[in-house]
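Down below are the structures I want you to see.
Next come two complexes, and both contain subunit A; in the first it sits with subunit B, in the second with subunit C.
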Partner chain A sequence: MSRQLKFNIFRYNPQDPDSVPHTDTFLLEETPSLTLFIALNKIREEQDPSLQFDFACRMAICGSCGMVINGRPGLACKTLTEELPEEITLMPLPVFELVGDLSVDTGSWFRTTNTKIESWIHTDKEFDPNAIEERMENDLANAIFELERCIECGCCVAACGTANMRDDFIGAFALNRIARFMLDPRDERSENDYFDVVGTDQGVFGCMGLLACEDVCPREIPLQDQLGILRRKMGFIGLKNIFKPKAKAVG
Partner chain B sequence: MSGIDTAIFVKQPSRTAAYLDWLQMLTGAGLIIFMWCHMILVASVNISPNVMNTIAHFFEATYMAQVGGPLIGLTLLAHFILAARKIPYTSAEQGAIWRHAKMLRHTDTWLWVIQAITAMVILVMGSIHIWTVLTDLPITAAKSAARIQGGFWLVFYLILLPCVELHVGIGFYRIMVKWGIVKRSGRKGFHRFENIWTGVFILIGLITIIRFATLAIS
Partner chain C sequence: MKYDTFYTDLLCIGAGLAGERVAVEAAANGFETILLSLVPPRRSHSCAAEGGMQAALGNCAMGQGDSPDVHFEDTVKGSDWGCDQEVARIFADTAPVAVREAAHWGIPWNRVVGGPATYFKGGKQFEAIEPQENHGLITARAFGGTAKWRTCYTADGTGHTLLYTLDNKVTELGVAVHDRVEAISLIHDGTNCIGCVARDLKTGGLRVYLAKATLIATGGYGRLYSETTNTVINDGGGHICALDTGIVPFGNPEAVQFHPTGVVPTNILVTEGCRGDGGTLLDVNEERFMHVYEPEKAELASRDVVSRWMMYHIEQGKGVPSPYGDHLWLDIRHLGEKHITTKLREVYDLCRHFLGVNPIYELIPVRPCQHYSMGGMRTNADGAAYGLKGLFSAGESACWDMHGFNRLGGNSLAETIVGGRHIGQKVAEYLKGAEANFDTQVVAKAVAQDAERIQRLIQGADGNENVFAIKNAMQEVMMERVGIFRNGDDLQKAVDELQEIYARAKKIGLASNGVGANPELALAIKMQGMVRLAICVAYGALMRTESRGCHARDDFTARNDRDWLNRTLAYWPDLEADLPVLEYEEASQQMPLPPGDRGYGKVEIIPMDAAKED
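== the complex of A and B ==
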């Protein structure tokens, strides 16, 4: 016999002055292989057309449907209801700005953070569109791809204790992103350049090692290992210059 | 005019965060090693009070107690100041981490909350303990037993012991995963090892307290 699922869903529209944050309850019969993504669409179609939530790809590639599922950030499209108890509570991701109900604006946050860490290949080489693509060892390409798999869903940031306390913490996403560029031989940034970007209390040294990012990442990117490697690397780069006099602006 | 610190107007790259993070870890690691040695000294009373007296005498004769003791006190203070950079002080931050921990129901996040709370207990009670012991040297099994048998110190140590062991255990685990020494593949196993390790230390500590409470003072 199929289960009767009870959804408690956060409702609030910041655009509407009369809207008050509350939860609405919806009942839905469980069907085989039901994902939260399908369930939410059913609820919207059959019960409440005003329900706001984001989705695009329904296959854990676009990173739009991140939400807090029974307390844990995760992707609605990747979560089967059969893995959950009968009562399911859905909340929007914290840290990000609320658009309405379960929909949050992750885009602005990622845009700002990507700009802050200069999340692109830095090179002086002129791009030649006619040249053959540069070759790369397969192992290296795989290592870069492993970190490149991030879909910017925001689950690691929403699960991060530090990011929830401090607005300026760049989170596991950005640290993984920098780790990816550090592997890439096409990026000509020096280790000191990387240090200036993440060797701060807003960067890798702000991480308190709670590892919720590692535990919730829907893509299972090895965040624990990357954060550890990055902390060690940045720590040693910091020590390297311990006896070097600080560069001072000429006054 | 020369000598103006332009960093006020234009942010200069700084290494401070790296140094402070190293120091936080190193003072923590030093205190963890100290606490293990401390356990060896104190728990040796379970073998016999004479063994404890002999070890204590060794620390005394080599001036490790007189010099090392205050240094440990200073390290504790330094570690507190360094680690306090991460501890939420405004009510808004405290509320944020508390609500977050309740929402997430995530072991490592809760362990951090425990670490932060026990830190405050250790700062106060650990300081009192260090002061009491170092102003009444030499350390002997009889003196320790007399203190515990007074009643007040029994309660005092029953609170301080689990706080210290939890803080040390969680801190050890945290250093190992934070600095990438324990990798993803080893985390679960190391977590279990650390739980058992902490449990065993609390048990040895309790047995030691009982031993002191029942030791006949000649």
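== the complex of A and C ==
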């Protein structure tokens, strides 16, 4: 026999002066292979057309549908209800500004942070349309791709103790992004350039090491390793800078 | 009336790969640019492109001897001679430059590893020697309908890496990004396009964007169908804005591609790279069948051909029964764990998470489903829309027309950055001499019209039809009657039924209060427009009495080059009417590659010079 699911969903429409934050309950009969994507759309179409949530690809690659599912940040589209108890509580991701109900503004947050960490290849070389490409080892290309797989869903940020307490912490996503550029020989930034961006309390030294980021990453990116490597590298650069002759450090 | 107004040189509606590539070109030329997007740009549907992009680099062993000429020929054959050959030529010539430029910007393209290598074709293993002198250059994999291995890739996340890299470039150049904003109509005076009216999807408020040039790059219209690989935002929003002007034509609306390997039942795509890398299609007896129908290309014929044979094979009783209808199997087990967990990593993940299937050991249930829109806003080779000055389109939303009646795998991702690069340069040239007159009366009228129709929807002034019921009814008709195999009776019924649905769509009223970023209102605003697009597709298909590429008529099985070597142009000049006005233009002004045999698929051709039948 199929289960009767009980959804407790956070509701608040900041644009509506009559709206106050509260929880609404919806009942839905469970069908085979039911995902939260299908369930939420059914609830919207059949029970409450004002219910706000975000989906796009519905195949776990666009990062739109991060939400807190029974207390744990995750992607709603790849969450099967059969993995959950009958009572399912859905809340919007913390840290990000609420748009309404389960929908949060991750776009602005990530754009601001990507701008802050200058998330692009820094090079003085001009592209020459008539030249063949520069060579690269395939293993290196694969290693860069591995770190490039982040989809900026916001789950690691929402699960992060530091990010929840401090607005200026750039989060595991950004540290992983920097690790990706450090690996890439096309990026000509120096060690000290990277140190200025992430060797700070807003960066890798703000991390308390709770590592919920790695636990909740839906892409299974090795965030713990990257944080460890980055912390060692930045610590080393920091020490070098302390012992550097002053004139040289300025020059 | 209260609304915010934004002025810019270039307004890009849509911030997927094509929109961002054009924006980068304009910004690099010093023009102020605003990107509008329904979602944060990195969540655009471009990120879902998996397998790769075609560019004739010829670096890898199986790509030796490749050139833009061969790529051009493959593209024209793939299109079943429906494409514009001038555009296909620009495309094939520019693709290698675009792929190298992307490498310069940071794409971690997979590279040639010199020495002996093991590959698969048709389930059989073979050896090839990768040239040492090309070690470290960009490599490629096989895709359907190509003479050479030409598809450059980053594992099977090529769209993702391209989109992130382009968006990095946008960030670096400081292009303004307005995400969660939806264009709902173009502002024009009948001659010039001067921007758009948009709705802020965070607050529900209206906005006006005024620009010297406006680009539509909003992707395809797959969500007219119930079973599609497309993201939920590919609802034809940009096409609606253009068609509703009454002046800009919808080119080849009936040219809709079905991809052979949508996963059953979710319609999530598994990349053509699976078959390119040597995966096979199996039937209920777990036997291959494509080599029987297509001895030459087998699983790697073009998508229209493979999809048709799959449906044919299912109709012969060879499908695998399931609660979601009959399907076939995709088998990649023989490629082995290392290959699957690296080069087909996304496939590996999505099969396990969404199907509970481990493709290293198990078969993947697949069936063709809607995938790509070859049709779109008709533009010239510069990307300038027919009918309105200052309006451009690029990417899937455009009918630039390098794809004709069937797009080759790996050519859409390529079109976004190759076409985006070319059209971006043309837009920059246009902007160099352009000044616009923003007529406040025209602007006020456009906003007032949109504000009024929104009010009527909220108040239920025209009725209380349920918007979701109308969307579902439309999608069912399209899936049922305007699918892979088409015939006059079904298409006529589709048009009739869609017209009834259109009448209902005019009576939509909201069930909720419509306050703020209300999702019911967002859908209601475009629902009439979506049904108009659906009618264009069905009616275009009904009138095209031949079979060409993906447009396969049971009652007109031949490709008719005598009467139908042309492109449909659908106009909707009168919003009260319930049919578009169809015109036709020659498929291509020049024909360096004259119509002939594609080398795969059924060969039944009425030649250009055949005598007319009475």
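Here, the second predicted complex is superposed on the first by the 242 of 251 C-alpha atoms of A that agree within 3 Å, B and C clash if a C-alpha of one lies under 4 Å from a C-alpha of the other, contacts with A are read in each partner's own complex, and residues count from 1 in each chain.
The rule is short, and it goes like this: a contact is a pair of C-beta atoms (placed from the backbone, for glycine too) under 8 Å apart; a residue touches a chain by one contact, two chains touch by 3 or more.
Model, not experiment: these values are computed from the prediction.
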After aligning the two structures on subunit A, examine subunit B and subunit C and state clash or fit.
fit
Residue contacts with subunit A in the superposition, subunit B compared against subunit C:
C
Which of the two partners, first being subunit B and second being subunit C, lies in contact with A:235: first, second, both, or neither?
first
Classify the contacts of A:208 with the two partner chains as first (subunit B alone), second (subunit C alone), both, or neither.
first
I'd like to know which partner A:159 touches here: subunit B for first, subunit C for second, both or neither.
first
Taking the superposition as given, does A:227 touch the first partner, subunit B, the second, subunit C, both, or neither?
first
Output check: A:78 vs subunit B and subunit C. Expected answer is one of first, second, both, neither. What do you get?
second
If you take every C-alpha pair with one atom in subunit B and one in subunit C, what is the shortest distance in Å after superposing?
18
Please report the subunit A residues shared by its interface with subunit B and its interface with subunit C.
none
Subunit A to subunit C touching residues, read off their complex
13-16, 32-33, 35, 44-45, 48-52, 54-64, 78, 99-100, 103, 105-108, 110-111, 114-115, 118-121, 123, 125, 127, 129, 131-138, 140-142, 144-145, 148-149, 151-152, 184, 186-187
For subunit A, which residues are in contact with subunit B within the complex?
68, 71-72, 91, 94, 159, 161-162, 164-166, 192, 195-196, 199-201, 203, 205-212, 214-215, 222, 224-225, 227-229, 231-232, 234-235, 237-239, 241-242, 246-249, 251
In their complex, what parts of subunit B are in touch with subunit A?
1-4, 6, 10, 12-15, 17-22, 85-86, 88, 93, 96-97, 100-101, 103-106, 108-109, 112, 174, 177-181, 183-184, 187
How about subunit C: which of its residues touch subunit A in the complex?
39-45, 47-48, 97, 100-101, 103-106, 108-113, 135-139, 154-155, 157, 160-161, 164, 168-169, 171-172, 177, 179-180, 202-204, 231-233, 265-266, 268-269, 323, 342, 346, 349-350, 353-354, 467-468, 510-513, 515-520
